[in-house]
Amino acid sequence: MALSREQIAMRVAQEFSDGNYVNLGIGIPTLAANYVPEGISVMMHSENGLLGMGPYPTEDQVDPDMINAGKETVTAITGASIFESAQSFAMIRGGHVDITVLGAFEVDVKGNIASWMIPGKLVKGMGGAMDLVAGAQNIIVTMTHANKNGESKLLKACTLPLTGVNCITRIITDLAVLEVKDNAFWLKERAPGVSVEEIRSKTEGELIVEGDVPEMQFN
Amino acid sequence: MALSREQIAMRVAQEFSDGNYVNLGIGIPTLAANYVPEGISVMMHSENGLLGMGPYPTEDQVDPDMINAGKETVTAITGASIFESAQSFAMIRGGHVDITVLGAFEVDVKGNIASWMIPGKLVKGMGGAMDLVAGAQNIIVTMTHANKNGESKLLKACTLPLTGVNCITRIITDLAVLEVKDNAFWLKERAPGVSVEEIRSKTEGELIVEGDVPEMQFN
Amino acid sequence: MAGFNKVVSSYEEAMQGLADNMTILAGGFGLCGIPEGLIAQIKKMGTKGLTIVSNNCGVDGFGLGILLEDRQIKKMISSYVGENALFEKQLIAGELEVELTPQGTLAERMRAGGAGIPGFYTATGYGTPVAEGKEVKEFNGRNYILEEGIVGDFAIVKAWKADTFGNCIYKDTSMNFNPLAATAGKITVVEVEEIVEPGQLKPSEIQTQGIYVDRVIKGTFEKRIERRVTREA
Amino acid sequence: MAGFNKVVSSYEEAMQGLADNMTILAGGFGLCGIPEGLIAQIKKMGTKGLTIVSNNCGVDGFGLGILLEDRQIKKMISSYVGENALFEKQLIAGELEVELTPQGTLAERMRAGGAGIPGFYTATGYGTPVAEGKEVKEFNGRNYILEEGIVGDFAIVKAWKADTFGNCIYKDTSMNFNPLAATAGKITVVEVEEIVEPGQLKPSEIQTQGIYVDRVIKGTFEKRIERRVTREA
């Protein structure tokens, strides 16, 4: 069965290694912070200028000068640092953030991503997404495998204006974990109970399946 | 009579306006700090990362972590700021330093300056000089008008490798104050007792003399 | 002798010289760390045709959003806009122009402008609509686009404390774009919560050096919160 | 669980992985703010063919100068060198290569390297020997040259205090190139006077963020003064 948002976030959190600096986009990626595996310590980077983002504040901790990149009130962990925006994006652009997780409208077999603009709809802007996909060492896209009409979001070629080119290497959807290389999607894991056939039917770009594809493991 | 080093420094200091941020090179320029006119407040920028450089320390104030761009022990005034080298040169390159005073081997009528390299002699480097002449709003060169052999240092065209091009607008020598514009040196002031003829004889580049040229005034 | 005392006592004095069609760099991220009083003064002055360089454009009725009410803004250079209805309306009506710039590129463009760097290369935006019309150059086998430094006629900045020399420090994440905007204004005006005497800020802890600052004014701040999210205690 | 604890207990561990022909970025200006113990460890290791990016090259018998004694340095990228006799001798003998870079350009090249900016334009050096072989581009009627970002295999940095996460602060003008070098090392090693617990450095006052730092070691420092100049009390 297709994963819930929480389950996708859980699977994303399994990608984290001890000591990783991680930037999580808005939505499902943010939820991954709740599922960091035991024994693993990661530090959250928020691109408005906070390394070591903590949980939301309690009512009496709320401080208008302490917000995250989603403009939500937030706290800092012990040992956090705070800095200006050029420094924050130096960390991103310079490849110092280990893992970036973000959502997308479309990804294609070249590792291109479209996530910020749907022509005809009002364009609000890319915020830091283009910097993140250009800079991070390891970029994970999370999204549903298909849109509401059942159409694949894993394409031969993105149709929407791009956020970045040749930058996505790993995709975690409600159906599967996939790698992107050599102009194809390589199926690595299936959601529990989801068949290779279902995944294939919802993947427009070339899908490569090698041997038995294991199911994702959740503890 | 030709000015002494101290007198050149005194005349340089008359160029300062209240509220100026000033960077002084090694040698005569540094001496200018001792002659800031009364009623005028300037702040000294030292390119190793100190804005608000103070006097040399007393013996018990000496701190190896407090030095100036000449690598000398130094102090900071009340209200000083200390910063890293990229920030320091952002101030210089970005045109935030109001006045830079530095020495030179040669200056020419195009405002070119040569101050860092004599071919055949060991080249130690340009340090911050190229950044200073490229960035400051107002650059004053101080030097003797001629070299030890009596040869002019105010040339039609510099013969030594350049430090910067089209950047020098004002020169204060032991004989004169001159402006550089329209491919000529414009004589503005004479050292007390020095004739226009002497200055002309020691100026290789075109010298323009308009009307009576006043003597420098020292209080 | 005025010396290095940058303190002004009225908002009129703080924004003196602002004229139609000027470019203003503004600090702030969302509603966090915005120079509320300086924005209000611009509204009061009624200056028109402004180009505003700021990560966002406030919300309806607060922050830079209030400058939309009398159509004072001609163009926004931002990474994310449209958090307010009036903005969308003017944009759709063609009354407002927007140049969308990735957030990191925007920050770097302000820094470059202040640091005398007219252009730099970044991989951000290569192959996307952001790259249109921009020079592409390859370094070590990867493609980068040329982005240009930005300088403003004015920079409006919100700091926590400043001394009378204009040295500033910022509080927590209200820092954001403020120190960058401060470096890149021909006239830089800083609105602060507290003015202190020189020497009260430690030299190494100063985050905007007075050399960048022309005027300092003490303000009062509402500090509206855009998205209040809390957890159980 | 190692987590974010960057502290190492020996110089061997601090410089582990250093190999012949690597590039090292070093903080320091003259003898001020130099990582004395890390330099000594490089001498001890006897690594050869090094390219060192540092504003200066120490003096005879101290600072980076000691790496000349066994001819460990192949090339210096610096703004000002030759404060020591051995340096001059090796340079004249053709045993040592020097790439002279203006001081501000050197600082900016380190910053750019760390910030993922492969190149930037500066007016510094245009029309001089520094511009030879470099691309020239005109912006707003003025000519600028293209300079490239620098990244090192190692960065060796001297800070005042670091917490165990690698967050650092610097003391007075010993800051200089240190925070810039810190951002641009594939492996960044920081030698400090004092190691403190996370939380003891205020988040906004941290000058090098732990994300840039791989290893932290507590050192002891001679802090030799290059030019002691004093005045009467």
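As written, the chains take the letters A, B, C and D, and residue 1 is the first residue of each chain.
Convention: a contact is a pair of C-beta atoms (placed from the backbone, for glycine too) under 8 Å apart; a residue touches a chain by one contact, two chains touch by 3 or more.
The shown structure was predicted, so the numbers you read here are calculated from the model rather than taken from an experiment.
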Comparing the two chain pairs, does A-D have more C-beta contacts than A-C, or is it the other way round?
A-C
What whole-number Å value describes the gap between the mean CA coordinates of chain A and chain B?
55
Chain A and chain C have mean C-alpha positions lying a whole-number Å distance apart equal to 29
Report the inter-chain centroid distance for chain C and chain D in whole angstrom, where each centroid is the mean of the CA atoms.
32
Euclidean distance of C-alpha centroids - chain A vs chain D, Å:
35
Shared-contact residues (touching 2 or more other chains) in chain D
108, 111, 115-117, 122-123, 170-172, 175, 203-204, 207
Which parts of chain A, given as residue numbers and ranges, touch two or more other chains?
50, 76, 82-83, 86, 89, 92-93, 134-135
Strictly by the criterion at the top, what is the full list of touching chain pairs?
A-C, A-D, B-C, B-D, C-D
Sort out for me which residues of chain C touch chain B in the complex.
1-4, 111, 113-117, 163-165, 167, 183-184, 198-199, 203-204, 206, 209-212
How about chain A: which of its residues touch chain C in the complex?
46-50, 55-68, 70-74, 76, 82-86, 88-89, 92-93, 112, 117, 122-131, 134-135, 161-166
Chain D partner contacts - residues on chain A that touch it in the complex:
18-19, 21, 39-41, 43, 45, 50-52, 76, 78-83, 86-87, 89-97, 134-135
Residues of chain D touching chain C in the complex
108, 112, 115-123, 137, 139-140, 142, 144, 148, 169-172, 175, 203-205, 207
Which residues, counting only chain D, touch chain B once they are in their complex?
29-33, 55, 78-83, 88, 91-92, 100, 102-108, 110-111, 122-130, 170-180, 207, 223-233
